[in-house]
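Dropping a structure here in structure tokens format, bear with me for questions.
Chains: A, B, C and D, in written order; residue numbering restarts at 1 for each.
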């Protein structure tokens, strides 16, 4: 099996299981000359980590990242960046009823059937724990994008039937991290929190969705047709665990709009360049970024591991039985999914920045082709 | 720019512009020993081709496919299959107003800005004409899948606000090709047709959606995480021109379901293997096929090229002007999109059949490793 | 089977068999704005084509290339370039003795065993005819490289035991196309010609080798370790039909040199940058181009198809028999291999020019990021 | 920069610098069900590690490998295998004279020019230390190949002008590990040892070559043309540090052989299948394995880091100076290169075993498609 790689030029390769010794990933294609520390990465990991609130799993993982290579004197060197994150609280052994009887709608059955085995002590490779790698790699991508004036942010816009009102990008940046749900609208956040706790008490879980937006993306990213910006975002987001829908721009509603309604007329911007009057197209035209904000939504189904009793079929005993999934699980996914969605958005965009030549693949603080070996801040002769 | 390739082992590489000399694609990774003729491919091309009804563009393209390589005596040889489809009715020259003034929400602006040029005489590479290649390649994929007992079919399930009732896979197979809209429910089809004609008369266009389903898919396809079956389907479908949403299983609605509601309990099938009681998971668990039918929806926005007057900005003259897009365009995309969605579904599945070793990459009518050079039907000594 | 693609960003995908209807390839990743015509490509095809002299096969192929896409008004548009070359003189039917009895050391047996079939009427996909595609794609690569001041050329430096003296790059450029053997040293060329004719008369064939050199390659190309410049050249050259050895720099002789002897000391060039005193390292250090000329050698074994009687084993009849390969075959490969080696060198270098950001992937006549849609020569408004 | 990945389906991704914290690699595509322990990997690492004899660098690295993921109860699970090897003796600081003055023929200059920086404290990413990852991954590949009856082995066949006589595969297996030089012929080994020590004492180094052979390779591996078995071996071997030549079969000598001499006639084997009388073709015909042993040679130039004084150019001071490379370096590379060449051969072959469907990509101890989750030795229910 492969499937542990993302990106054409900014390439992320991951390993690790939920109850194994460590998670880790290798990032290659990061240009030299980017200032980077473990703290830069840790910040996003802390937003994803378990145990951060009452509505996340109580598994106690510090998720401390360790950079093993690719950095010198605080700057990237252009060589692969190896990251390792130890699993500290991988208490296994609570899944006995499910060793030969698959958890409903989990990956137990499909992994066992495909490989003839799986990690019995937990979700193994199918666990959302794997996304710790994505968030770590995404943090590096975000730093690169920020240098180019690209900002991106996500927030939770729906839990169950509680839907957030439309909020601005500035509101999302300002308010989404202020509450445990990561919804930029404080009142909705409170309602969502209440709803989640209700399901949590019942031993059930609930679905929800995440809205994402990127601003400052230059015109021209995307490699239509199969690698159009929307196609690659589709892959990136549908890879997020538990995702069942990906939409950009008007998304699913576009089916009810006419061409005249949806089409965005052109006017001129201050510099005399054509610019669309509105942004119903969601920042992508013909599969290529238009310069307008890119926005969309990702739907995550309810967590499948729930304390409520469910029916399973034991292939060893031939018995049908009712079992509860004991363990430490999230009652809802979007709050911790926010940094994951941001990471996948960042990884997709930075890859296209490299693919389109807008970002120098060798070094970010100088032009290619020039011979100049002494400019670099990490060159000891320059101190 | 790249982006003209799809597939890891069953690889499709395309070329061609809407108003160029020819479209074409190369399929590599098709095993030897598959019976294949131009007719096999032509059948699906005819379902996609323009001019097939009043609600499709009147451009007169026979879309005759010519196989240039990879076939001998009616069987594939395991070598790359080169296909060419001539453009016969590429009347250009009606787009003058839009040469330096981008059509609203079309790829004109983004292509021009990216490449500093584009095919002025039409949609060029951004045109949906490119999908003729996908359908051709998809027809070969379907033949391979059929050998393995995998069937797939799509139909139009919504146009504007006209929504089809739920229909069975059998109904889709039987009825979807009986009307111009390609909706499996005849009454809804009539309503859709009426709605489309209404918008067509107004010089406007309308959005819609396509439901797809695959049956007989074995357990075990998918390479989680980044190449999970859902992630790859996400890329495949989001590459379809005008797509703004991809959903599988419960799709967008999953956000409102609880874990208990959505989870599918396990029972035993007739052979004593665990099988889910329902299929709310949409045939994919943990990113891997579960053996249940795979189903989902694709939303296509309204065609952007409409006769109605729209505002554009001419970067040459600095003028804001109102223009109509004169040409031969579809008032709605899903009817011709049905074979395209089927093709992308087939290409994704056949690739995973090869990746998972369920399909022999060298030859389909024999086992690998055995030395047997004379078995093949195209061997003249066997006649 | 795949294996019909070369390149990461400058991607060539080929199809075609020696006795099929047509050969063809798709080039994607060529930036927009390159002036390109069929003549540009034809020139190199004519150097590779059969029937050009007494020491090449008499098969009569004009090898006329037709550009199907990717060009507008004489300039590339950044979209895939589709090329087709018809097979005109694919007389089959002379290989009957070898349908079920493999030709010695040819690909007959391995193709048949792998695919359970092969193109009985000739070499099929294993024929060197496939390299017509490589030369076509290579011609485009050369044009791109020439813009950047990169020049490359090959010549035949050994046939049998006739070895050419060392010649300069200028001599190679000036003299190698002056004789049928394509050896830059006229006297050696005459000796080689004599030797070839001798073997040809005997019904035998002979091996030889090609020396290649590239000048003007900037410092910094190569992606160590697995995609170091030498590793990628290794793959490129070992893909050339009949190649049994690839060497760069001192090549095989390096085994007898000491470190002190082989190491190239540093001095300063006119601009005060370090530059090696000699070039025993062959233009590549640590897997990355050093700015010095890149040079090396490729050994091609003798053509396997010879009129002389050889022993084969018929798997249909169980008979051991003596047969002659009747057909139109080259008595020696390097003379026609020269443009092939140049093509693979050019394709490798242009790919790294893109990968290293030294060549703009979107357009060659302008800088990325700038919005400027009207500059392009093919823009009709500019005339 | 990328270039840290090898393999299409059996994928190795590496990280690490010679003087960084750790080396590591991720192997994905290894089927489930392979018995695997750290000891299996350690054995080959010990053959490659520094300090094993007087003719290797004295750097003290235990090179203990730690498996972080992909294993359960001693068997692979089909998920990515993460390996980490700590750097214990990365004494830096001896390279001061060369921080702004490149070592002759080393990667110092090219890395600095490309990235504007490099790991000043040693060879960094360009160091042969990186091959510890290759050998670790190769050990897993070898285990998989051994299951399929494929054996491979290399030995040192030339150092300077001391050349080993031809030896059989059995001799290589039996004797090559008996001496420090890793030459299968004991007398030649002694001569080589003497020669190496001579150069070592002079403060110089010397080149050499490695012969490799694989037996039991089935017919049908290779994806001509660009991914022919010889092309992929070419890339694999040319990636080995210091390699300047790759040859297979007759290699460079093939240029002096006629077709009649080199062609291998066909006879029948005991089972009545065609088999070549000799193996001058080196086990590859038409780019595909023929079933005969695959053999060839790799030339490694002399180590560039030598104690002898050499001239360099300091770009900081503008000074030309004579400097000695102080450090712990090998006087010759092939003895430690033997396991590296074996690893690259194994990685190439196992990849093609998967690509050709001869090895099940999901699990090695059962057939695909069958649903059978309880067979696996690591299933606790089976104990």
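Everything below uses one rule, namely that contacts are C-beta pairs under 8 Å (C-beta built on N, C-alpha and C of every residue); 3 or more make two chains touch, one makes a residue touch a chain.
A quick map from chain label to UniProt name: A, B, C, D = Chorismate synthase.
Note that the structure is a prediction, hence the values are computed from the model and not measured.
Think of each touching pair as a link: the shortest run of links from subunit B (Chorismate synthase) to subunit C (Chorismate synthase) has 1 of them.
Across the two interfaces under comparison, B-D and C-D, the one joined by more C-beta contacts turns out to be C-D. When chain centres are defined as mean Cα coordinates, D lies farthest from subunit B (Chorismate synthase).
Centroid to centroid, with C-alpha atoms defining each point, subunit B (Chorismate synthase) and subunit D (Chorismate synthase) lie 44 Å apart. Averaging C-alpha coordinates per chain places the centre of subunit C (Chorismate synthase) 27 Å away from that of subunit D (Chorismate synthase).
Across the assembly, subunit A (Chorismate synthase) contributes residues 1-5, 9, 14, 109, 113-114, 125, 219-220, 273, 315, 355-356, 361-362, 371 that each touch 2 or more other chains.
Contact residues on subunit A (Chorismate synthase) toward subunit C (Chorismate synthase) in their complex (touch as defined above): 9, 218-220, 273, 355-358, 360-362, 368-369, 371. Those residues of subunit B (Chorismate synthase) whose C-beta lies close enough to touch subunit A (Chorismate synthase) in the complex are 1-6, 14, 101-102, 104-111, 113-114, 125-126, 130, 158-161, 199, 204-209, 219-220, 222-228, 230-239, 241, 243-252, 254-268, 272-277, 280-282, 285-291, 299-306, 308, 310-313, 315, 318, 320, 355-356. Here subunit A (Chorismate synthase) touches subunit D (Chorismate synthase) in the complex through residues 1-5, 9, 11, 13-17, 20-24, 26, 28-29, 31-33, 66-70, 72, 75, 77-82, 84, 99-100, 109, 112-120, 124-125, 315-316, 361-363, 365-366, 371-376, 378-381, going by the rule given at the top.
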